[in-house]
């Protein structure tokens, strides 16, 4: 069953509603995110977070491109999006490294470190859903990741103030919040064009929910590991 | 640094101790496993568990063989183990299907079902650690999976009694508890031969701990989904 | 041993000399290319060539991106080049289809056709050298492919005249000769930056020579198949 | 269209006939094989052949297992065959090394050598047809490779006599001629069970013809390289 554009927009609206609900739940229940909103954020916690960010970000361009490499029967437009998006995401891990260096962390140690198991699980999941299953499903990850700043900007503002960071010390977050506003719109457009059946939207939602949950599990692990 | 055989046996003993601790913790804290030990186990719960088992078991021979396909610089003996072990694991998902049919579940529906996200995450993790990283690390999964019956046999006995199952209705568990006793010994031998450095043992332990945790998360999800 | 920029430029000059020699040899010895220079080119031969071009071009963006997906220890700049170049190459197979349609060939039949074994061998080789070995080696393919028009433009001019084609019927060749002039310069720049050792240049030359030979074998097979 | 067993046996008979024809053509036209039949075979030529054999044999267990790893919708029986066959083929490259050592070749040099481009092309092709396309098609390679001794045994006998080799110096050929007699029968059985449509048989024949041709191209390259 091919959905009309109006129907696809309804699916997109429902996806947005469900993402809002998931975030509401996360922001009110995750102990780390709650504490970050109410208590001073330590440099150590931020550093640990950026280390894990370095680890998974290294794989994002790769798993994004992988969709375009392995999927057959995808539109030329969607394949091009995968490759272009991968090109844009390439090297973003260096921003994480830059910001770690800016707060005095030894970069060489970070580069040789092993990610937390929860970070590795997130990485594994993103490769798996990029290499197998419905080729549009990775859009579910992009959908929440590119719009994350709408949800976490109060925390980022507080982080910046707590740690007295200036913009040039937060390139990862600042660059992403700029880039991702455009990306978020593009991701929606690509979804409306390429998610043509209810099954496509179900696959996208499944990956959205699961990859956000795995990211929250990574956050929780950072908190445990750090404290 | 190459470890002596005596040192390797110490690492193996420590691994066993740590696995015992992890299981103790799981059996005393996981609400599903606790309830299964104290209250009657329902057919529905067992069926849901076997459905997820069907899903991840389908991938076990594949990710096991993948180690032998992609790893370079592995010994001929270890590569042969990967291929032989994969051959032995091939088709075990049909035992899960058989047992589901034996308790009246419609097989066609099971085959077309989507695994729970937690099951998919476990599958993704096993492919990832098989395709990348230290080639011996998947042994950490085999290590606990092949010795699982020592830890869960009281639950299996209770399950069999609660659901009044006869052996021919439990081929998956019975076949595995027989096969796996041999496998467990073989896995230990392969580890002693091929885990030559402290880094090898650390990689094995990491995968042991993480894959068992992901399996417990799958169990918890089965419980939530089912109730 | 890290080469100086001057040394790299010497390697590049030698690569160019060797490519010139290989082409000289091909143009004077390959019976198809010789006949195309001396006798009228038939529509059937051109069509068969464009069909095989359709088949292998479908894979070029994919195997280019694959380098960026699988290679570790590559510079951020080279990884970005792989992804961007893949994005640019995406969908070029549709130009081949367009041109086939423009000369009256049934597109649906082309899309369902099986490539010649020689075309499949070329495709297989490009995936293999993209997924394994020295990560810079695929540049050896780009190096000759992006500069191909300098060698074959007399044949293309004759083709256009023999078949009385107008530019809008030859989008694949015309678009590529425009795009590729820029690409050729970029490929050289990327090679000078990323081919740092004699081993890197040897790997590049090996892939250059082999992939051009496999392409010539494809041409020869087209000729046999067609006549 | 599902073929009956009788029809499958007809396809198998035709495959055998076509393989006979291909070999007849190779044995009467390939200059290397002709010379090996009529002139003394040099140790250098044999060594070069065994070096290339070492290189491609290293990949045979891997690409065989890959079929069982990536293919979905294959029968449990065929998947098990892939894994078991991979286990049996594992480590055969060490026989090639053994035989090279037995005639005084330095093994370390061989292990670090680069295969000829033609050998690499064969390896690339076998991975490609194992990872993509019709999952039964790799049987076309096994079909001729396991029955090769019927075609080349006169050459092997002459080789043994020319170089005055004793059986313990020819483990690769002797072990394979023993093992492969059984394998050849098993491959036929597996084909009759799993090649169910004319398309399956066409894919098998295509891979048979192409992989044998690529092997002959490797032979020719050994001859050129050596002389």
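Lettered A, B, C and D in written order, each chain numbered from 1.
Following the convention adopted for this analysis, a contact is a pair of C-beta atoms (placed from the backbone, for glycine too) under 8 Å apart; a residue touches a chain by one contact, two chains touch by 3 or more.
From a predicted model like this one, the values you see are computed outputs, not experimental measurements.
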Problem set entry | Both-way neighbours, i.e. chains that touch subunit C and touch subunit A | none
Problem set entry | Distance between the centres, which are taken as Cα means, of subunit C and subunit B, whole angstrom | 47
For this session: Go ahead and note the Å separation of the Cα centroids belonging to subunit A and subunit B.
Result: 30
Problem set entry | Of all residues in subunit B, the ones touching two or more other chains | none
Exercise. Classify the inter-chain contact topology: is it line, ring, star, complete, or other?
Worked result: ring
Problem set entry | Residues of subunit C that touch subunit A when the two form their complex | 61-63, 65-66, 68-70, 76, 79-80, 83-84, 86-87, 90-91, 94
Problem set entry | Partner subunit B, residues of subunit A touching it in the complex | 114, 117, 120-121, 123-125, 127-129, 206, 209-210, 213-214
